[in-house]
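Dropping the structures in below, format is structure tokens.
Two complexes, one shared chain (subunit A), two partners (subunit B, subunit C).
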Partner chain A sequence: MTRLLSWFLSTLALGGFALLLGVFVWQSAPIWQTEGTRYVTGSAWFYRQHQFGALSLVYGSIAVTAVSLLLAGPLGLGAAIFLSEYLPQRARLWLKIPIELLAGIPSVVFGLLGIALLRDWVYRVFTHFDPLSGDTLLTAGILLAVMILPTVVTLCDDALRSVPGRQRSAARSLGLTGAEVVWSVVLPQALRGIGAAGLLAVGRALGETVAVFLVIGRQDNNLPHPWFSLAPLLEAGQSLTTKLGGAETNIAFGDHLHWAAIMGLGLLLLVLTAGATALGTLGRTPHA
Partner chain B sequence: MRIRATMRLFLPLFFSLLSLTSISASPLKINGSTTVNLPVAEAAEILRAEQKLDIQVDTQGGSAGGISMLGDGLVQMGMSSKPVSPEDRLKYPQCDFHPVHIGEDAVALIVSRDVWENGIRALSKSQIKDIYEGRVKNWKDLGGTKPQRIAFFNKEPGRGTWEVFVHWLYGSPKAAPQVSFPEVGGNEETRSKVASTPGALSQLSASWADGKSVFALALLGEDGTPISPETQNIASHRYPLSRPLFVLTNGEPSGEAKTMIDFLLSDRGQALVQKHGYLPLKALHP
Partner chain C sequence: MRRGMDVGLGLLTGGCLLACLTIAGGLIWAIVSRGWGALSLSFFTEQIALVGAAGGILWNLVGTTILLVTAFLVCAPLAVALTLLERVWLKQKRVRHWLRIGLYTANGLPSIVFGLFGFLVFVQWCGWGKSWLAGGLVLAMSMLPTVTLVLIERMAAIPERYIIAATGLGLNEEQLVWAVLLRQSWGGLISGCLLGLARAAGETAPIMFTATIFAGATLPKAVVESPVLTLPYHIFILAQDSFAPGIGTKIWGAALVLLGLVFSMSLAALPSRLRLHEESHV
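On to the complex of A and B.
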């Protein structure tokens, strides 16, 4: 009975996801028919002229996510190593609780903090590069870094704790120092779990909307020239989620092609976040 | 077993959907401009609560949608931020359009304090075009005493303020060139962003330009005289960036439509007009 029910519920969940994906594919079909792959590779998004190139939006999403992971990754891993390898068990728990509480704070609260503190800070610190305002892709990335930090810390800590303690004792008895144990015994074995933590954090960062919306500046068609240029990071930009959360979604409803283009963005976002999350989850279960 | 579980899940959902579609007969249907919608929708909410009126307010197709749906008899009241044209009347001969003026919407070009102190007090139409099309990027080129980058915030798509702006600049939203600027949404957001960003410029409903955190520029007329968005200039239409707000009925308003119009013209209704950033009638005809 339990097995039957769990099979049924799993099928239901999987079916729900397939249905969701199907709806997005079906609703965005017109844009794929008219634009084809140019929809993803095109760099101009002007909906009044019916130009729908989503590249700058994909770039915006990837740019803010990359910035956040670059900042939160090393910091989070460092914090996790400290928590799991250097703190006594009791202190570790006491520190882990507030960190996990941080993960539960509504994102709009982070957004407000971003407006209150981060915008001006970015503007002042990078004033040498002459940004037009404090609303930039970089601001959004830094804000996201704060938001995904708890995820990174908790999951990295779990990954490190899953390395058996006996191996640590064995390594110590061979004469390795504490740092050497972490570096050459624990980290290599936890690598897979750490990678998974990163991917799950990426999934969260990609999907975050409200907080990013408040500080990203919402400027369409911001792309780097040449492609590796960092200059657009200090300009206002737009990500997949901020486009979807913005005014255009309401306007698009009723316009066949425009709506399809918006639903196409939803599909891209769904595929990106689901991909990152699925990979991350697989990485967390070693025998999957 | 599976089927029964699904039924249990979906049947209540199904019935609740059914009950949604069977709303009681003939509500007062209103459709049209998103700009006029703001005070009207709030008035509708008050009338729903206080007088148990059944009112549906929608904004399909903006002003043009309001006029055409009233002309076709699909709604009992239209909302429009432009006068009904003779062409509209020709197109719908069966409809006797009866416009009621409920207020005026003026759009100011506002700048941050440092721009104001840099000596920028007025802009001409061609200067504004230069900024909007990205040919001019520094306040010094527009008469500022010291060089300062222009941080232009564009109103996001669908905002009435943006439409007034491009109507004046290019004739219609469709004729406006393709530009990408950082976007701002509502009046509060626009004002605080402009106030907190050096070199900032944006469009804002005139009643929100407080002269303390943000400053309204005058527009240079054809002869070079500056015209500021002051109440008397808006009322006399010397200030070009403004438009009247109407609700429309077919013939003299009656019944629930009359109740709505009477409410909009009352002190409470006019306070709603003002609340959403428009000039009430009293300010137009003092």
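On to the complex of A and C.
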């Protein structure tokens, strides 16, 4: 009885997730049929002309994620090294509480903080480059960096502490200083876990919607020329998630191809985040 | 030189930690200091007025509560079922491993994806329009992986000898589930649900297309076309209009209340979570 019931409910739950994946594949099919790979490589998105090129949205997502990882990665890893290598157990637990709390702030409140504190700051600091407003890809990236910081700290701390203490004692007894132990014993062994932490943080950053929505400027078709130019970072942009979170999703439903293009963005997002998260999870659990 | 490097690394990493703590403390302080002035009894008991510039957040709190209760009621049985599947009924190690990987991956899915899914399936196909039930179901789905993973972790931490003793007393698998596994891990269900609900309470993306509007809803009386007001969406809409005078303190007040709601739920789950987290890695 219990067994039957748990199988039934589990099937229901797993079926729901399978349906979710299926719906995105099925509903986006028309756009793949009409546009093919041009859907991902095309740079123009004008839905009234039925032009659906998602490249600028993919670029926006990757740009804000890259900025956030560049900022939160080193800072978070540094904090994790101090937490795991320098602090006693008790102090570590206490200091992790504010970091867990930071992780708990809802993303809409982060967005509000971004509007109130970060937007004007970015505008003032980069005024030399003459940005149109404080709503830029860079602003979104900085805000995201704060949001993924707890993920980076917690997971890097786990990775560092999974290196056995015996190895540290052995290295110390050979005459290595604390810094040398960290540099040549702990970090190399924790590298895999640290990489996994980075991937999981990337997954989180790619999928973040509401906070980014409020400070990114939501300007379509912002692409760098030439492609390595950093100028678009100080312009308003658009990412996969902010496009999906906007009013266009409601408008699109009546139009067969437009809706397929929107669901295609959802599928791209799904594949990118699930890929990063699954790889990160596999990296974290080599023995499982 | 070596000594200097040693001190240098300590200072550098300590500085990083200090910066993280300053950011965390500073942001929380920024919300508390701005929102404190808006809090009063009437803020909780009055409904929204003047497009958010006056009045309170009564129906927003009610709506958020309705969504959370629905999500909890749907999510809890499913999480228990999935946990039992992973812990008891699935015998092959490989399948269990992939189920866990799948759950971790689902846990990382962006919330907007659930919102789109709910919009298509419940709002459009089922013809519910914006409905509290659609929102509750979508939130249940988005928190299900979190709750299940916490519960699995907790059930896996039950000492082996309990299970051996129970088997020695002649309990079959079903009796073992009810007498030992569920009884020993119900704390995990509570803290898992609190954690999932804390996250769900602050979510905007899954409910903005499925369940919530900005003004003009009270208690839902049916399923079809029965939206609710919610705190996150309230903040989301006001934030896009934050230059309007008068909204200033109100929006921070709403943010502070939401923060209080989320923190009280995650703090209640924190001790058991930190302890478990530490044990599982030592």
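The rule is short, and it goes like this: the second predicted complex is superposed on the first by the 269 of 288 C-alpha atoms of A that agree within 3 Å, B and C clash if a C-alpha of one lies under 4 Å from a C-alpha of the other, contacts with A are read in each partner's own complex, and residues count from 1 in each chain.
One rule holds in what follows: a contact is a pair of C-beta atoms (placed from the backbone, for glycine too) under 8 Å apart; a residue touches a chain by one contact, two chains touch by 3 or more.
Keep in mind the model is a prediction, meaning the values are calculated, not measured.
Contacts of A:132 after superposition: subunit B is touched, whereas subunit C is not reached. Once chain A of one complex is fitted onto chain A of the other, the partner contacts of A:236 are limited to subunit B, with no touch recorded for subunit C. After overlaying the two complexes on the shared chain, residue contacts for A:250 are found with subunit B and with subunit C alike.
In the superposition on chain A, A:48 contacts subunit B only, with no contact to subunit C. When the two structures are aligned on the shared chain, A:113 is found in touch with subunit C, with no touch to subunit B. Once the two structures are superposed, subunit B and subunit C can be ranked by residues of subunit A touched, with C on top. By the touch criterion defined above, A:219 reaches subunit B but does not reach subunit C. Using the contact criterion defined above for the overlaid structures, shared-chain residue A:203 touches subunit C, although it does not reach subunit B. When the two complexes are overlaid on their common chain A, residue A:102 makes contact with subunit C while staying clear of subunit B.
Across the superposed pair, subunit B and subunit C both touch subunit A at residues 8, 250. Interface residues of subunit A, counted against subunit B in their complex, comprise 8, 44, 46-49, 51, 119-120, 130, 132-135, 217-222, 236, 246-248, 250-251, 254. On the side of subunit A, the complex with subunit C involves touching residues 1-3, 5-10, 12-14, 16-17, 19-20, 23-24, 27, 74-79, 81-83, 85-86, 93, 95-102, 104-109, 111-113, 115-117, 146, 149, 153, 158, 161-162, 177-180, 182-183, 200, 203-204, 206-210, 214, 241, 244-245, 249-250, 253, 262-263, 266, 269-270, 273-274, 276-278, 280-282, 288.
Across the interface of their complex, subunit A is touched by residues 2-3, 5-6, 8-10, 12-17, 19-21, 23-25, 27-28, 30-31, 34, 77-78, 80-82, 84-85, 89, 97, 100-102, 104-117, 119-121, 124, 141, 144, 173-174, 177-178, 198-199, 201-205, 208-209, 232, 235-236, 239-240, 242, 251-252, 255, 258-259, 262-263, 266, 270, 274, 278, 281 of subunit C.
For subunit B in complex with subunit A, the residues that touch the partner chain are 2, 5, 60, 149, 151, 156-159, 173-174, 176, 178, 180-185, 193, 196-197, 199-200.
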